[in-house]
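First chain A sits with chain B, and in the next complex the same chain sits with chain C.
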Partner chain A sequence: MIRFIAKRLGSGLVVLLVVSALTFFLLYMSSGSIARNILGDQATAEQVAMKEHELGLDQPLLTRYFAWVADALSGNLGASWFSSEPVANSLATRIPVTMTMVLAAMILIAICAALIGVIAAVKRGWVDRVVQVGAIVGDSVPGFVIGVILVTILAIQLGLFPATSTISPDSGADAWVYSMSLPVIALLINGVTGGAQQIRSAVIKQLERDYVRTLRSRGIGEREILFKHVLRSAAPAGLTVLSLQLIGMLGGVVIIEQIFALPGMGPLAVAATGQSDLPVVMGVVMYTVVVVIVVNLLVDILNGWLNPKVRVS
Partner chain B sequence: MKFGPKAAAAALILSASLALTACGGTAAGGAAAGSTATSLTLGTIQDVRSWDPAQAHVGHILQPYQAVYDTLILREPDGKLSPMLATAWKYNAANTKLTVDLRSDVTFSDGATFDAAAAKANMDHFKKANGPQMAQLSAVKDVAVVDADTIDINLSTPDPALEYFLSQAAGLMGSPKALGTEGIKTEPVGSGPYVMDKAASVKDSQTVFTARKDYWNKDLQKFQKLTFKILTDLTARTNALVSGQVDATILDPKNGKQAEGAKMKLAANEVDWQGLLLLDRDGAKNPALQNVKVRQAINYAFDRKTILDQVMLGQGTPTSQPFGKASGAWTEELENYYSYDPAKAKQLLKEAGYETGVTLEIPSVPGFETQISVVQQQLADVGITLKVGAALTNTFTSDVAAQKYTTMYFSLFQGEPTVAVNQIISTKALYNPFKNATPELDAKIEAVRAGGADAGKLAQEVNKYVVEQAWFAPLFRVNQMYYHNAKVNVTPQIQQAVPSIYNYSPAK
Partner chain C sequence: MNNSSEEAAATAAAAAPATAIPAGQSGTVVRSTVIRRLFKNPLGIVAMTILLAVSLLAVLAPVLAPFDQNYANIAKTLAAPDSVNILGTDSAGRDVFSRLLYGAQLTLLSALLCAGVAIAIGLPAGLIAGYYAGKFEAASNWVVGILMSLPGLIVLLTIRAAFGPSVWMSMIAFGILISPSYFRLTRTAVQSVRNELYVDAARVSGLSDLSIIARHIFSVVRAPIIIQTAAIAGVAIAIQSGLEFLGLGDPTKSTWGVMLSEGFKNVYLNPTLLFWPALAMALTIGGLVLLGNAIRDALEDGEKIKPRRTKAPVTVPVAGRAAAPAARPSRKSVAAVDPGTEHHLVKVTNLGVGYPQADGSIKKVVDDVSFHVDRGEILGIVGESGSGKSQTAFSILGLLPDNARIVAGSIQFDGSYTVAPGEEHVSQERLSKLRGRRISYIPQEPMSNLDPAFTIGNQLVTPMVRVLGISKAEARKRALKLLTDVGIVSPERTFNAYPHEVSGGMAQRVLIAGAISCEPDLVIADEPTTALDVTVQADVLDLLRELQQRLNIGVILVTHNFGVVADLCDRVAVMQNGRLVEEGSVRDILRNPQEPYTQTLLASMLEGKEPMSMLVSTGQKEPVA
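Let's turn to the complex of A and B:
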């Protein structure tokens, strides 16, 4: 198992390095007029040249990339070109907000989707049909639309929640709960419907397998078959779906965070991309890649733990 | 067991939603910011990049700086310049030296004293800090300390806008002890009415200020607590205002309707103009644009009132001139100089020898797609084809400077006469990339620069020239939709979409 994890970690690092190089070169090759963007439309040519020198844009691309890697290895991701704030600081204050929201949504999605999916698969009939229809409806309404509807009804009309985030250093845990509730619900609905659908088919597939018939013929109870055998075999499919959802959610939260004005990664990514604040964009990309690698690693480990066959292969 | 699955499913969905909503009952109370009369919460579009006063900008990006930094000169809501840190100021006869008397009873929040040396240190810093408004002091040769509370600002060329600039970014005074340090980038040190509460502030989320004790001018300090809540998204700003999380914020005409439905008050103000910039007036890339009749024909092609009503819900005023109402360069006669007259447009094209049509190429501009398609339609009606190209990207300023566009649709700020001249008319202006000029126009511009207090009036001649020569095809001045609730009174500030910080007061 340790070798398995080490191998996965190694390939993760390679991916990280390749992505960082690709992103860096793609971004910085087209960074021609960044100095003028920073200085605004009244700046003179001398001012622009001065700024370019200040930002190190007059140095060769390769030199800058290696300097960036060397700094990044020591935890220094550079500083924003616009605000001079260290990128590592920006990420450190924003990742907790985004990750709290994503993890809260994922845990709820995992619980709800598994329950609904298993019930639909086991009971079939009308329950199954309701789940199927719900999945189509839930999947077809984008999270941000749900978000806007939730704000209008629950925050503005009923005043149950704040319309935009109230998270700040002087606010307590309650502000986090209130501010996160609507965004989490908005993320939840898509996730649960999609997840339940996948888990349902995975369970049904297992229930139709020969080993289930054999177990039944030996007089083993339905409950034991389901919990001891079927769910274990259906778990890899479910985990994969959930991990894909989590990774997809990193994109979805960008819009959700904008609507709810949550100080997470979304607004940072949007602002940095919009004004070509490349050091920050690099930071955001690295964060995303790391999350993807870690999630995949965790899923692989969980799968290996649930299903020994995976470890061997 | 028949109801088993149904009950289970229902219970599941219910419990999930209840778990999340149950605790919501008391949330509204905690969420309402600005609920006491002495606190003010403003929804702003973006956070400041650096609190170094030399990095300050104009308009809505100036407002947060005003909370912590006093300016040498105070600009009243109607544009009148009044004493602030400067008690009096006077030009020499040649308009090349401005002597400024300063207050001697002001200290910065770090204890440093405001005096002539501090003022000089700030202006010297501003001149070399490479901030976005560095051009404001480009005419300043040097600053000399005359005595403890007097400075001489020596100019290399007269600049009628200098006094105005001293009420803007260039006039912000930071503590000389903090200038140039790393600390001032994240924590401002000024002499202004408020001081930053760093512990309660989060970059790009909210900035909190508290009233400074013993501030020298209590008339400008109307709240005990001031919070800027950064809400980049328009929907978020609307929701925050309507639900009472912020007391005031800027919206657009469409979202404004929603705010009006919730009984929010509008403090509207015309700040920008929108329309076509006919940049290639010498016909370097598009020969048709060299002909003044073609440019005039373009101007006659637009039914400005209808476009304004349809696209901006009528929020603004149709106009044919690029200079703003408060600039002094604005004249009544130029307002409707080009009335809607498609027949005349066609006639002019014919006279110009372009009976068979003219083709203009413009870039698409994110956020202005509707305007551009309406413009395209109305130009087509008189025989002008508008080819809309790729969208402006964040490299557009360099693209404009590199003469990539012969024509473009844009929204531009209407400032003081020399500011507008430097932005769109002079050969150094970014929005005159083909460097169009005539001796006649140069003379008029020169007169404005040397005009001192008469600059506005003299700029009327520049305005008249560019309107008659159809350098642009302005469509309308646009209303900035600034909304606030009943807890605060707000006075709009001329030439600013967002009022100065002094223009807010608790409603009695």
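Let's turn to the complex of A and C:
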């Protein structure tokens, strides 16, 4: 098991390195005159040259990439070209806001989607039809549109929730939960509809397996077959579904935070993108890739634990 | 090893529904029936109407739109709908209707671009990886792994930071990012047909690789690609709009995302500005989602109906059974069996099993079947695939699929009904007390009938603990004894092994051990040797006979193989197309078969130079509707 984890961790690091290199070259090669962009049209050629030197842009690209990697390894991701705030600091203050939301939404999605999906698969009937229709509706309306609709109706028209959620955890747990509930709901609706439908198909696929019939023929009760055998076999598929949802949510949360004016990764990423603030963009990409790698590693470990075949090979 | 390749094949079938379309059929025939089915599906028609309407509006935008997308009338901002601006104006005094139409144009074009790029990359890469495998496949799998693990919006933000605001740039990038979905689909589809006979035949007949791919494999991946494209176009529209909504799009272009963002900024002043772009998005993406579903349904319907059609030609209109429920006895009091038949271990009387069809009729797969089995007796049920023999066996076990109906007859076990006359379903209440305890089952395919996640020991011990109520330690002792009884040399090792660690023959012995573990009165064996090597087959048959004689149990042996019948059975029932054509002692039937069908069956195995050739070819698992 340890070797298995080490192997996965190693390949995760390779992915991290490859993505960082690709992003770095993509960003710095195609951004045109970065210094002029920062200084504005009024700047003289001399000023631009000085700025370029200051930012190290006169060095060869490869040298700059290795310098960036060396700095990154020591925890220094550079500083914003516009606010001069160290990228690592911005990330440290914003990641907790975003990740709390993402994790809260994910936990709720996992519970709701698994519950609804399993019930739909086992009971069929109207629950199943609701899940099918819900999946189509959920697929049809993008998450941020749902967010906009929720704010407009629940917060602005009915005044049930605050429209913006800039309250920090210091101002009391219930106030915080109250202000965070709408963004979390906006995040999780698509996840629940899509997840429930996929978990439903995964469970149905397992229920139709031959060994389930054989277990029935051996006199094992339906409940034991479902909880001990079917759900266990369907779990890897369910985990994959949920991990893909979490990865997708890292993008979706950017827009949701923008809608609700939350001080998370979203506004940072959007502002940096708009200004081509490349060190910050690099930082955002790195944070995303690290989260993705960690999630995939956790899924692999859980799958290895659930499925003896993975463990052996 | 065997198991993993099976799983791969199963995934292939799931990933590419069209692979199930018989290879021999020409592509055009399949397509025309799918399209006909698509036009019969109301949701499919709704989806196509919506998409057609949106496309028409988009194409005709320059003609239909009363204003240019950026024409701003500053004197008339946030106006309510009137005769000039039929949907009102936004905060800059631009016409909402015109912007909506131009937005449709850009949105659809960008979705097409994205799908086009994804197909242009994913399809050839998938074809190459699937057809030639090797290093290219390994390398592309690695790239796919990375691409799939990146959240789309974050990548698009990076692209925006690098290349500036361009709808086309971001859609090309997203097309690259999402190309793995085509890659995977094509690769799995190609892999599953690569080694099919017809491709081999084409190769032998001297066709080049390219024309093989063009001719055969494209017809297989075509339908899944259309489904995938509908889904991807929807995702592309959503993510593109999201980017525009964030204000990172091209400010000179009108898009639904920009309109939504503009509406959201003025949500306190005029929330209806939100309504139109949101509706346009939901309708368009919804139309794509529905279209994808409708095509999938059209393809799957074709698959589902085919196996049924071959099963039994008998179709009974539902009306024929309309009177039956009235005559049905109440649930509580199960009628007593006919006097004089109590001593039979199992008695099946005029049994009919059917599956309801979409058009309301019931397709019968078992029709008017009667036989009985006594203790210490082996009854063989013989017939080719689709003759209804397995369905009959599952009716006795009460393990028919959920949609199956008992349309006629009764089944009694040891003097009481498990299916009383007039009942539509097998009573699970009654059978759950019998299954495992008194009736047990030996399946056909050993590997798929063991749960891969549990050790063999666990799967032997649990039923004994549940059914016999003995302790785990006691059950373990018995399980080891049983494993020795069924001829396993190292019972301890097998007990602790997972199913994938033992051979097929060993797994079948384990399943036989499981079937007799709770000392049943009746064992139903469904083609217990079909999936095994010839040498192992003989061993397993010997084992079955030895156990049956020692325990004096009744056995129903379902098989397509008269050799097995001659070897093992006391009596035999011959089934064809859901009906019982002949029944009698093995000696009589083998010596003097009355029915032409039985004669054909016997001739095919006794006189042919290659025994069983005709029947073995149809020996695959019966499709369970």
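One rule holds in what follows: the second predicted complex is superposed on the first by the 303 of 313 C-alpha atoms of A that agree within 3 Å, B and C clash if a C-alpha of one lies under 4 Å from a C-alpha of the other, contacts with A are read in each partner's own complex, and residues count from 1 in each chain.
By our rule, a contact is a pair of C-beta atoms (placed from the backbone, for glycine too) under 8 Å apart; a residue touches a chain by one contact, two chains touch by 3 or more.
The structure displayed is predicted, hence computed values, not measured ones.
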Message: Quick check on the chain A-based superposition: chain B and chain C, clash or fit?
response: clash
- request: Please indicate which partner A:98 is in contact with in the superposed arrangement: first for chain B, second for chain C, both, or neither.
  value: neither
Message: According to the stated criteria, A:15 is in contact with first (chain B), second (chain C), both, or neither; which is it?
response: second
First, second, both or neither for A:268, with chain B first and chain C second: first
Task: Based on the superposed arrangement, let me know which partner A:188 touches: chain B (first), chain C (second), both, or neither?
output: first
- prompt: Now for A:289: first (chain B), second (chain C), both, or neither, which partner does it touch?
  reply: second
- prompt: With the two structures laid over each other on chain A, which partner does A:148 touch: chain B (first), chain C (second), both, or neither?
  reply: both
Query: So, A:276: does it touch chain B (first), chain C (second), both, or neither?
result: both
- request: Would you check which partner chain A:245 touches, where first means chain B only, second means chain C only, and both and neither mean what they say?
  value: neither
Query: With the two structures laid over each other on chain A, which partner does A:259 touch: chain B (first), chain C (second), both, or neither?
result: both
- prompt: Residue overlap on chain A between the chain B contact set and the chain C contact set?
  reply: 30, 148, 151-152, 156, 258-259, 270, 274, 276
- prompt: Can you list the residues on chain B that touch chain A in the complex?
  reply: 4-6, 8-9, 12-13, 16-17, 20-21, 23-25, 27-28, 30-31, 33, 46-50, 57, 130, 132-135, 138, 185-186, 199-206, 208, 229-233, 235-236, 239-240, 242-243, 245, 262, 394-395, 397-399, 401, 422-423, 430-431
Message: For a test of understanding, state which residues of chain C touch chain A in their complex under the given definition.
response: 4, 14, 145-146, 149-154, 157-164, 234, 238-239, 241-242, 245-248, 260, 264, 267-268, 271, 274, 278, 281-282, 285-286, 289-290, 293, 397, 399, 402, 432, 435-437, 439-441, 443, 445, 448-454, 462-463, 466-467, 498, 500-501, 511, 514-515, 518
Query: Inside the complex, what are the residues of chain A that reach chain C?
result: 15, 18-19, 23, 26-27, 29-31, 124, 136-137, 139-142, 144-145, 148-149, 151-152, 156-157, 205, 209-211, 213-221, 224, 229, 232-233, 247-252, 254-255, 258-259, 269-270, 272-274, 276-278, 281, 284-285, 288-289, 292-293, 296, 306-309, 312
Query: Of all residues in chain A, which touch chain B in the complex?
result: 30, 32-33, 36-44, 47, 50-51, 54, 80, 82-85, 90, 93, 108, 112, 115-116, 119, 123, 127, 130-131, 148, 151-152, 154-156, 159-170, 174-175, 177-178, 181, 184-185, 188, 258-261, 263, 267-268, 270-271, 274-276
